[in-house]
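Chains: A, B and C, in written order; residue numbering restarts at 1 for each.
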Amino acid sequence: MAGYQTNLRLTLPLTCVILEVILIILFAVLVEYDHETDAKLWHKHLLQHNDSNYNNDFYYRYPSFQDVHVMIFVGFGFLMTFLQRYGFSSVAFNFLIAAFALQWATLMQGFFHGMHGGKIHIGVESMINADFCTGSVLISFGALLGKTSPVQLLLMAVFEVTLFATNEYILLSILQAKDAGGSMTIHTFGAYFGLVVARVLYRPQLDKSKHKNCSVYHSDLFAMIGTIYLWMFWPSFNSAITAHGDDQHRTVMNTYYSLAACTLATFAMSSLVGPGGKLDMVHIQNAALAGGVAVGTAGEMMLTPFGSMAVGFLAGTISTLGYKFLSPVMEKKLKIQDTCGVHNLHGMPGILGAVVGAVTASLATREVYGDGSVLALRRLSPRRVYVSVCVQHVSLTSRLSSSMEDVFPEIYAGNFSASEQGVRQAISLAVTLGMALVGGVIVGFILKLPIYSGPPDTICFEDAIYWEVPGEMESQEELGTVMSEEVQKPLNS
Amino acid sequence: MAGYQTNLRLTLPLTCVILEVILIILFAVLVEYDHETDAKLWHKHLLQHNDSNYNNDFYYRYPSFQDVHVMIFVGFGFLMTFLQRYGFSSVAFNFLIAAFALQWATLMQGFFHGMHGGKIHIGVESMINADFCTGSVLISFGALLGKTSPVQLLLMAVFEVTLFATNEYILLSILQAKDAGGSMTIHTFGAYFGLVVARVLYRPQLDKSKHKNCSVYHSDLFAMIGTIYLWMFWPSFNSAITAHGDDQHRTVMNTYYSLAACTLATFAMSSLVGPGGKLDMVHIQNAALAGGVAVGTAGEMMLTPFGSMAVGFLAGTISTLGYKFLSPVMEKKLKIQDTCGVHNLHGMPGILGAVVGAVTASLATREVYGDGSVLALRRLSPRRVYVSVCVQHVSLTSRLSSSMEDVFPEIYAGNFSASEQGVRQAISLAVTLGMALVGGVIVGFILKLPIYSGPPDTICFEDAIYWEVPGEMESQEELGTVMSEEVQKPLNS
Amino acid sequence: MAGYQTNLRLTLPLTCVILEVILIILFAVLVEYDHETDAKLWHKHLLQHNDSNYNNDFYYRYPSFQDVHVMIFVGFGFLMTFLQRYGFSSVAFNFLIAAFALQWATLMQGFFHGMHGGKIHIGVESMINADFCTGSVLISFGALLGKTSPVQLLLMAVFEVTLFATNEYILLSILQAKDAGGSMTIHTFGAYFGLVVARVLYRPQLDKSKHKNCSVYHSDLFAMIGTIYLWMFWPSFNSAITAHGDDQHRTVMNTYYSLAACTLATFAMSSLVGPGGKLDMVHIQNAALAGGVAVGTAGEMMLTPFGSMAVGFLAGTISTLGYKFLSPVMEKKLKIQDTCGVHNLHGMPGILGAVVGAVTASLATREVYGDGSVLALRRLSPRRVYVSVCVQHVSLTSRLSSSMEDVFPEIYAGNFSASEQGVRQAISLAVTLGMALVGGVIVGFILKLPIYSGPPDTICFEDAIYWEVPGEMESQEELGTVMSEEVQKPLNS
């Protein structure tokens, strides 16, 4: 680390300004409001379909979006404040790279999701997708926490968002896999990408900063703010872009029960493996969330409540044991310094989620998902059909679909069998792992260049290198004395 | 406390695993998605009723559910972090017992709310009800905070959820009482149940832990996170399961104004009784919420905005005075060690809420609530009725009801007079108190057995007995020196 | 400050009780549920319009309201906890004056927004408007933070709410200006009003409390809770009362992109002007929010995504530079002691927002906003129109409007040209500044009277003057020793 210098004043403003200017130019050239956001197009739609403002998708997606937004900025941000002297960087670099990534993701996902006359159309759904992609970058950030400069993180976001969008396109559009809550696209990808980058950026002398790589009492409480918000809103995360109606409703319930079971497993395992049966905050803060990750793919499917609970219980168990036994081995043997243990929270539970998704998909039947029958429509009187068609296009849409079409459109259309869907899910997991590993190596080496104001091994996990850090509170005795003189007098008078 | 030992490594994993396995088995046997969550049933519903996915109740309950969820996990969890050395336990045991209780409540409430062909049907409404029941357990937890092990708390939840569901069934189904926000079922029941358990578990030597039974500066700020979230989302709590339309809208407004008035009363009383007019954080953290409790029954009724404000003002006054004058007496004379003062926040305001509900119900008239007239329908042309019936079943439902039917179905149906409804409300309060007292005594003695890894009197209110607690932050001077050597050098270069 | 005494026990209870009693009486005389909240009126509406409970505006405004509510109580409250010894006062006085202001604002805005038969009608929209007005008071509070008693703040709220409602009436009803997110009515007004009051209340000897007018490590983290919530929910703030459909959807997106760009600008500028390129938490906590302020007027217009980003980038830049260079000058030369720097977060970005709004309005065309054509209706068959009219009044409303009518009703109606709308927007800014300056001077002198229990210059920024402040946590060594004796023994046994 001879060439080390924190030339942040040069690199950070330059990086931020260049990236934002590029974003603004690309948005000017390429981005338009979609038909539900644009003044003219929406009112044209209202007229043509005799629709109501109340049916703007905004009302059916925005509450979920805000829950996801809270997870990204408060959830991830505060979860990482557990380090005693890295709270400013945790919450604020999380803030910075998320603010960048969501803009860049809008563009990259827009390219892949299909242009409209050369333009990317944006609305509440693109906002949710951008936040999802951002989540993946923040997972990778978790593996690197304390050891990277904001410039490195922004640069990583540039590449990771691009790779994320590519992988997502391959999975969802080419392989026709299902992954509404992102067990594969978000969690597995983000975790293994970050782990590989951490491996490439291996710091042999990191133990010189070891005394700062731990929590203090209050920093653990701040981290619990992040944990609890992630836990509460995970049902919204997994359901945010599933089909309307039973799909969103069911995804929410599956995630809710998976997380509840996961929490009991986490407490059980943490106490079982702790010294003297004592619980470890690291497990509670992280492993209790694994249940959300593990139903990210299958959550929208007919997983059943008890199935969700079983998956959650398994995820909490694996994750806690991973923190206790696997992480130390990975650091020693594989030289992967995974600050937040993202392998245990996102990596293994993500793979579990992908497998559960593949199995659940391969078991899909028309008996369970229903068969949206056009015949049913015929049983209506022609008169009623006419009224319905001309008056209520919304319910018409739903009438012509089945839940099978919503969850597994290709099985519904007869293009795949259920077992083929399962195979494609499994292939998707393999593709995701491959993209993460190859991408991580390349990006890792780019980030290794000594030009990004990274910290030396001796002062990792330390805010003071990037921040003007205030002092601690004056000691109570000191204040107490001052107070007793200043305050008490007038009060007693 | 001779037989004391914290054999948590044995008892906690065993309790968690056994309970969760039982839950998973019972869910497998007994629980099904309801018709709005199940893939096949919802699409069948769509077809039969020509309905729209946008009318899935998910969209009209889930935002309220998430607000309630935040209250349960962030609100209750952080409110209890005020103790200086019990923050981990407060927020994490709250997390653990809530995650268990919501699963168990799904089953117990499912039994009582009616099985469907031997199955319990679950959806967003059952999720809200389960969170409500959980809230009651957490109120009892508040009375026991710092003096019980997580094993005791889980066991208490097993029994309390069962009793809650029984009491709720008696009140809502047998007595036909109204209690949408749970002044009786949640607050009165939870508070008095917890107080009786605390009485049975009385610790004569608790003053040996007295120095830890208080807050520090930052722990009080963490507690304010809980307070503010409870305060903000209480309107969602009280309205979460009221009828759609004016009922939810009105309940929200009544709660909002009651809380606002309650806050001013709390500040006034706190300053009035404080030494030198100084405010006390305990009052602000707790008594400012009593306004939400006190309109838990009457909130959905035509209480009027100024009526809500008067009730809230009274609740804040009673609650603050209770903290100042009643709690010390209860501890000394009645031997009830009520850590969080739940008697002041949930007990007395809950009874007040029950009384206000009884009075408001007994004053209900058809002039005020309207008279959902089927005659009105007849005034429509037959043609229009036909179109309406076949096209818009949703509005049809609403057209045939009145708000009287929504709020007081038995008065609407002519089965009760308004004053009989009021009497039934009053009986419900008595039943609730009886259930809480008897149940609390029994459960208290069960929890008194010395096998649950409870803390000795000398180390109550202390995380270190159950947690691996990290050290405090290194002193600033120490870090400052290191920093000035390590960091300043490269920056100046 | 010779006549100084903190006679809070007298003044605070008296002020709170008198204000609340007046509020309750005025509510009893003047306030009624509106037709969507009242039991009878809503069911009458359902019958007459064949409407559905699901169309109650509650479902389309309440999620936004709750986001705004979080901003007011958590966002503003915690943002101000950055001071090391003023956390209790920051979050709790914010709580107190907001609880009062929202009740008072309901009345004052009710007067101006139009009485219904001598009554003020309230519902979810009046709740949002009251929270908005409250926000303005809290902005002024930011300028005075640490230097005023709760009695002074309540009194300020009485006057400021009245002036706010007057100014809002002049702008929105008389001048027909547009200002959905309140760049002018909320931010510019609140900031300059507060700054003028701060000027009148100038404390020449405030440097005696200088050592407390700064943050400590954990207080900065608490403040970030406020920042992040404000940042996340600002899209809900700006869109909370815009027209349904594309308007709300578009406002959300514009605000979201403006904030994202603003965040990158803030990090860039903070590092650029910081010593050694180090970031300053004050900038991140505050300036990153300026993008929300700056699109408060134009957010609902067709600002385009890249336009929003450009405005946000500019706002973040101006705001950060203001904190660094302008605030010290204002304190030294203009004698304005602006504790939170509201001039940089709300003042300048508010003016920027007003200007952007005026320019965007003056560029409005029917090509961009669409022309809600009644002709289009004629192209429908009479039959279909009849069915539509009698069955679906909601969509009818939307069909007869255009987005031009929603955003610029006067331009739509042909009463104004676009450039005249722009001129009226500019006049509105001038009126707002005038009202704030004149009002601030008068209210400042009222608050200068030495009868409100204000703190002396020597103990500003200090909770202990108004609060019973607990001690700090016992030192770790001390606790550690106790623990090792008490806890370890049984665990090892």
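The rule we apply is simple: a residue touches a chain if its C-beta (ideal position, glycine included) is under 8 Å from a C-beta of that chain, and two chains touch if they have at least 3 such contacts.
Predicted model, so just to flag it, every value in this text is computed and none were measured.
The best fit of Cα atoms from chain A onto chain C calls for a rotation angle of 120°, in steps of 5. Of all residue numbers that take part in the contact between chain A and chain B, under half occur on both sides, making this a different-residue interface.
The centroid of the Cα atoms in chain A and the matching centroid in chain B are 30 Å apart.
The set of chain B residues that touch two or more partner chains comprises 6, 59, 63, 217-218, 225, 276-278, 387, 391, 471-473, 491. Within the complex, the chain A residues that touch chain B are 4-6, 55, 59-60, 63, 67, 84-85, 211, 214-221, 224-225, 228-229, 231-233, 236, 243-250, 252-253, 256-257, 259-261, 263-265, 267-269, 271-272, 274-281, 284, 288, 302, 304-306, 309-310, 313, 367-370, 372-373, 376-377, 380, 384, 387-388, 391-392, 394-395, 397-399, 401-404, 407, 456, 458-459, 462, 464-465, 471-473, 491-492. Those residues of chain C that touch chain B in the complex are listed here as 6-10, 12-13, 16-17, 19-20, 23-25, 27-28, 31-33, 36-44, 46-47, 50-54, 56, 58-59, 62-63, 66, 69-70, 73-74, 77-78, 81, 87-88, 91-92, 95-96, 99-100, 102-103, 122-124, 127, 150, 217-218, 222, 225, 276-278, 387, 390-391, 453, 466-476, 479-480, 483, 486-487, 490-491, 493.
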